[in-house]
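For clarity, chains are labelled A, B, C and D in written order, and residue numbers in each chain start from 1.
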Amino acid sequence: MMIAYFATGAICTGLVLFFRRKTLSMVIAGLFLAVQLFITLWIIMNRGHQVSLFFELDELSVIFVSILFLLALFMFYHSNRLLSQCNSASCSIYHAGFIALVTSLTGVYTSANLTVNWVFLEATTLSVAALIYHNRTIRALEATWKYVFISSVGIALAYIGILFVSLTLKSALSADMSFSSLGTALQQANPLYLKLAFLFVLIGYSAKMEIFPLYTIGIDANYVAPAPASAFISTAMVNAGFISIFRLYKVYALTPVAAWSRHVMVLTGVVSVAIAAIYMLRVKNYKRMFAYSTLEHMGLAAIGLGIGGAGIVAAILQVLIHSFAKSAVFFQLGQAHRILKTYRIGKTGGYMHIHPAGAIAMLTGTVVLTAIPPSGLFVPEWILFSHMAAAGKWVLFALVVALLTLVIYGIFSRILPLLYMENERTYVDGRYVIPSETITQYFLLAITIALCFIHPDFLYRLIYRAAGISL
Amino acid sequence: MYPILLVIAGAIFIPGFIARTRSISAGRKGPGMFQHLYNVRLLLRKGNVFSNTSGAVQQVAPSVVLASVLLSAFFIPFAGKPGLLSFSYDFVFFACILGLSRFWMIIAALDAGSSFEGMGASREALYGMLAEPAFFLLVGALALITGHDSFVSIFSSGDTFNLGYYFAALLGAYILFNIMLVENSRIPVDDPRTHLELTMIHEVMVLDLSGIDLAMVQIASFLKYGIFSSLMAGSIIPANWQLPVQIAAAFGILAFTGIAVGILESFKARNRLNKNFQYILTISAIALLVLILALLTLQ
Amino acid sequence: MTTILILAFSLTLIYFTITERFRTYAILTGMQGFLLFAISVIELEKISTANLLFIIAETVLFKTILVPFLLMRIIREMKFPRVHKRALPGYYAIILASALLLLSYITAVSLGNTEVDRLYLTVSLFAMFTGLLLIITHKKIFSHLVGFLVLENAVFLFSLTIGNEMPMLINTAILLDIFISVLILGAFATRIGRATESMESEDLSQLKD
Amino acid sequence: METIFVAVLFLSFFLFVFHGRAKYYLTFVLFAVTAIFAVTPAIQVIVSGLQVPYTYSGSLTGGINIVLDPMGALFICMIFFTMLMGLLYAPGYLKNDHASVPLTTRSLHYFSYLWLYFAMLSISVVREGMPFLIAWEIMTLSSFVLVIYYGKERTIIQASINYLIQMHIGFLFLLAGFILVEAKTGVPGFDGLKVYLQEPGGQVAFWLFFVGFAVKAGFIPFHTWLPEAHPAAPTHVSGIMSGIMIKMGIFGILRIISCMSGDYLVPGVIILVLAVMSSLYGVMQAIFQHDLKRLLAWHSIENIGIIGIGIGAGLIGLGMHSPALAFLGFAGGILHVLNHSLFKSLLFFSAGSVYAATGTRDINLLGGIMKKMPMTAGLFLLASMAISGLPPLNGFISEFLIFSGLFSGLASHQVFYIILFILSIAGLALTGGLAAFCFTKAFGITFLGNTRGKLLHTPEEAPVGMLLPQFIIGLIIVLIGIVPMFFIRWIGTVIVTSFNTSIPVDMPMFSGRLFGLIGMISGLLIILTVALLLVRKLLLSGRSIKSGPTWGCGYTAGNPAMQYTSTSFASDYAKLSSPLISQKQHYQRIEEKDIFPDNRTYEVHSSDGIKEKVIDAPGRFITGMMRRLAVLQTGKMHHYVLYALLFLIAVLILSLFNLL
């Protein structure tokens, strides 16, 4: 089934690229979404079954594949709004990238094997590049170049990590590289090998998850990509990085270097949050600001993994809710850009006047992203901090909350002028004030806020299972 | 009923004593003992002239001022007898009610929109504010020594005569005397005789009052002499003396108060305005001294 | 025999760090490809024929011929100046390289696994570091490209370390190599060259905060 | 009941759909519906003096225990009343800016108003950590949205961000407190605190909570947001924020005190000292202000200090096993919470009416408003008297209670506490005097005399809609002054049920008799005044009543600009307090060569030394440091790869030394 799906994805991509017709590519992408819905449902139905050697439909993949579909659907909608002015070639390349990306992301989410996972993650680089390069400007070229290059360096490093893992094994047939068997196989392995392997993989995948050290390209990519694509990169894409690191992390939990790997995660996480905080106070561009916010949230997720125990639950929940919130904000930023023609901070304002529905979505999104209740993101933070307290990590707690406070200051002091302050330089293109386009944002934000008040049993059961903690 | 009579007696006699002392010491013939009462009677017979700028506040204020000072007179105990009104911590009420009269006096002055009255109001407010802690410190110290919680019980506990209390009571009387000078704006805080409005405090505030309104304010100010001197009497006179002796002593203190103010006004110049802070804060410092004394007696 | 080849490989690596002409880069890349070909032929004796053919095709056709050719073409087309720009003076680079070589050796020794040839490990780690160093110490995009290619070679060499048992891993690595190299070299490098005229990295460092 | 609340929450989103008056009516209906279902049980709890908490658990939120105890009930009543008054006042006030404020902002305003109300109601009844924090932050956020209503100006945006960040810092302390308690005891929320406080070292949690709540309440040195946020907000919002929202901080402090079971003395002393400092500093700063709303904001700090004096005294009373001190302190503190919510909202409302009518908040430009707006002026005067603690109004009653408590504490025979109490008494007395000073200034300069500056339009009396809530509040202010015993009895119930003291509710000293008498005397004062006024009127009838210009002491060319202003009124005081509070003067010197000097301006601004040292300087330091640290995103790709290498090496080195 999975093979058939990937084949479909590949064929769809090929068709779009081959014909290069605007309407046709849209139709194919739409049809592909139907396939995606089908495969999502199929994965949900078959969860817990080992369907093939390479793919595993566990709770983790169920959660993320479901989010992926939702995000892909919304992204498709917003992209089509965006693409209405583009020519056939760029439109079809965009759609091809989109289909390929969704396919490879599904692969990343569901892969049960270290190598397969790596292959699909590599495949995302290429498809994302098509999306980033959409605008064909020199800056787009720069960002794409950096993205492709550094991702590739990262992926090569990650491969060295995988090779280190395999060095400790007696044989490395495909079955041996599966996550489930690695856990037991690595229990007696040489710690130094394991450490090196983990480090290389972490560094390599950090480009995808947008955490320190290779987060830099993600920022640029988010900035130059069209807003719907940024929404997708900042959520589904980083989720792929997260899931890859997380699967390895789970393997490492069984090895002698479990404690060490957790500490490394905390280190990267804290450094990521710190960098996000630092740049939050410096950025002059709304889109980059929200890109840094992604860095911050992924850093928190890394810290959650590093804390372990309930922290893992917090991390998964964090990533999950962040996907909704961040995509909503980026969708809204896209609209704002079409109306105001700029992302520059301080160059514009009065959005509350210009596009009320959008302004409220933006305000809500900002609040949600800062994890101030009633943001759903408060729940993972609460879990994380409670767990930190239980572990007696008060210095870490103080450091993280101090950094988060700076982040909040940074975000609010930049978003509020956009919403409220009247700026005489504000240029408004009234054609694009389309309140109906905000529905997706409201839907996504409603989910995030509802998750603060309502803690649905099925979701939490899924997350606890995915985290490997019995309830 | 005695206490309120004592206050009224004070109100009637003290201004007279002050005026007489002053004229005698200056070698003048001077006005009679009751000239101030004649003045008030004259004012009460007059009509009213008010400023175009002023409004309801200036009309109402004199009544409020008089009413609150009158009411505060009801709190004064004498010779072991409570005043008309007496309850635990009545001195708080007493202080607050005097505060009320000051409050209205100030806004009445501001109502005329005159820069001179503004100055007076500002100073009155400031001095009143500074004098407040002195009173509370003093009462606190007395309450601490005696272990009682109302005017009458504090003052009537003097029958267990001891030196510590008595010294504290004397200092207390001295403080009350000074507070009286501040409240009534006499020398050295203020010189009511001067004709330079810039340096006046209380007198400048009533510039735009006339007739009955002015009379009411004057009466209130006379009453304050009575109130504070009665308080001084209460604190100094031991409560175990015979009643007639106490009454005599009280009148003696009233007379003494009047004469003392008169002598002070004859032989002392008014302070420079910015020295007044220092002067009033000194009162608080002495009150603090009383407190320390109280703490020492406690040991 | 393998030892000599590997030492030759590490020599090329050192030369990479000090060379100052772009053309040398292309030649060195080709040499590395050839060395890898030789090593893999010697080492992978027990491997199935199909796989061996695949690896040979990769090393000979791709690494030894196609990549240097593409690099040459870029140099020609872009009319690069001969000497490239460094972010760091050359002598620092060589000092760093030696330090990294030492570090690789220490790491390889402390891994202490007798099953693994320490030389392989040392050289492949060194190759990795050299690749990274090429990227870090240079400002030109072309040097970055070469650095990446060296990194790829390191991965390939490292996968040879694992030996015969794991053809899948090697094959995937090769696929990656081809895929990315072609993408970067073919598609992007030329596009950047056209867009920025001189392929200066400065033109592509405007995205910052 | 639950379904109704959920329905109300859901319906509140329809505020964004409706236009015009319908929006307001919907707000009102939702408010009223909630009120009926929240306030009715609250009143039952208070009046019946129910000692057993009234418990039910909701299913929507997964079974959060909601406990309605008398203290929560009291706060619910206060919240309801203050918010209702604000809601009545709001439309009249907001009407002035209909053109310049976007419709959405207005929807958002009413929406946040409702949610602020819901959040405060929840805070009063929720006891577990996470729901409490959620409600707490909803309160912060909704009030934040209310503050930023006029966000067109940069200063307002800065003030509201300042507000948000400081609230967030307070929130973090609460968060730390909750997670600490839960980690140590395994019991969530305030019940866990109760357990933890009995363990050694449990005091840490108390102080975490205290700081968290103190930021909201505005004790110094956590007050710095207050004088910024209040002037920025629309006036009725300042009214409710100052009136009730900052009291949620006090509520929290009372809540954690109710969790204590020993060791009352140290917290009591610290709170008392902090409170005396707050009250003095607040009022000392207030006198300098000439922005009417900023002045009122500083007075909020002062009054929080007075409340804190009561609470601190009550705590010490508990620690010394002195029921009198405990009762009087807590009763004074809690009654002052109620009183302040009344007179402060009244002050803000009437100040808002003045602002709406004149377009300025600068007292130095105002004057003579009383003739144009007699009702507003009268109400402001009433509230000024109340806040200065003058009889026969409510402020006096609570200050009387606190004074009595402190005086009764003198009987403790412990020198340390005696000195503490005496100093507190002096401090409180000084605060009262300063408050009177400040409000004679505020009232006198704003409403009396002649108009000093040029106003945008001639002021007119506020419409009935705006006056009505003010009259209701004024009525209650007088009512508490005249019949204080009922209120004190209810508060007595709260104290006895919340603080687990051995205070008999009907101790002879605190029985209705004393306060009945005090109420009577207050009544007497009013009667006496009225009688004197009647006498005056009788005497004056038939006599000549003339009017003329104000006596200028011989100077005949006086003009309104020569009147005393706010700044000049406070100038003597400024000299006195200059060592503590510095003033900055902005003016242009007249040079010797300047023979014909032209128009000049002179401005004085007081500066908050605490804010500069506690907030501004560290803030500048942190942002400056952060700016220097921002060296990573260089745009150069070789740097980006370098980070990876450095990270690799750093981690390897760290692991080599077993640091990871």
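We adopt the following convention: contacts are C-beta pairs under 8 Å (C-beta built on N, C-alpha and C of every residue); 3 or more make two chains touch, one makes a residue touch a chain.
Computed from a predicted structure; not experimentally measured.
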Point to revise | Apart from chain C, which chains still form joined groups through touching | key: one piece
Revision key, fill the gap. Most contacts overall join chains B-D
Revision key, fill the gap. Averaging C-alpha coordinates per chain, one finds the centres of chain A and chain D separated by a number of Å equal to 43
**Study point:** Distance between chain centroids, defined by C-alpha means - chain B, chain D (Å)
**Key:** 36
Practice item. Return the distance between the CA-based centres of chain C and chain D, expressed in whole Å. Key: 68
Check your understanding: Counting in whole Å, what is the centre-to-centre distance of chain A and chain B, each centre being its mean C-alpha position?
Key -> 78
Review point. Out of chain C, which residues touch more than one other chain, so two or more?
Key: 132, 135, 144, 204-207, 209
Check your understanding: By residue number and range, which residues of chain B touch two or more other chains?
Key -> none
Revision key, fill the gap. Among all residues of chain D, those touching at least two other chains are 630, 633, 637, 641, 644
Study note, to complete from the structure: Full set of chain pairs in contact is A-C, A-D, B-D, C-D
**Study point:** Residues of chain D defined as touching chain C within the complex
**Key:** 630, 633-639, 641-642, 644-645
Review point. Hey, which residues of chain C end up touching chain D in the complex?
Key: 87, 129, 132, 135-139, 144, 201, 204-209
Point to revise | Touch list for chain D against partner chain B, complex | key: 367-368, 370-371, 374, 381, 385, 388-391, 396, 399-400, 403-404, 407-408, 410-411, 413, 415, 418-419, 421-422, 425-430, 432-434, 436-437, 439-441, 443-445, 448-450, 509, 514, 517-518, 521, 524-525, 528-529, 531-533, 536, 539-540, 543-553, 558, 560, 562-564, 568-573, 575-576
Review point. Can you list the residues on chain C that touch chain A in the complex?
Key: 107, 110-113, 116, 128, 132, 135, 141, 144, 148, 151-152, 154-155, 158-159, 161-162, 165-166, 168-169, 172-173, 175-176, 179-180, 183-184, 188, 191-192, 195-196, 203-207, 209
Point to revise | Interfacial residue positions of chain D with respect to chain A in the complex | key: 16, 60-62, 102-105, 108, 129-130, 133-134, 136-138, 140-141, 145, 148, 151-154, 157-158, 160-161, 164-165, 168-169, 172, 175-176, 179-180, 182-183, 622-623, 626-627, 629-630, 632-633, 637, 640-641, 643-644, 646-648, 651-652, 655, 660
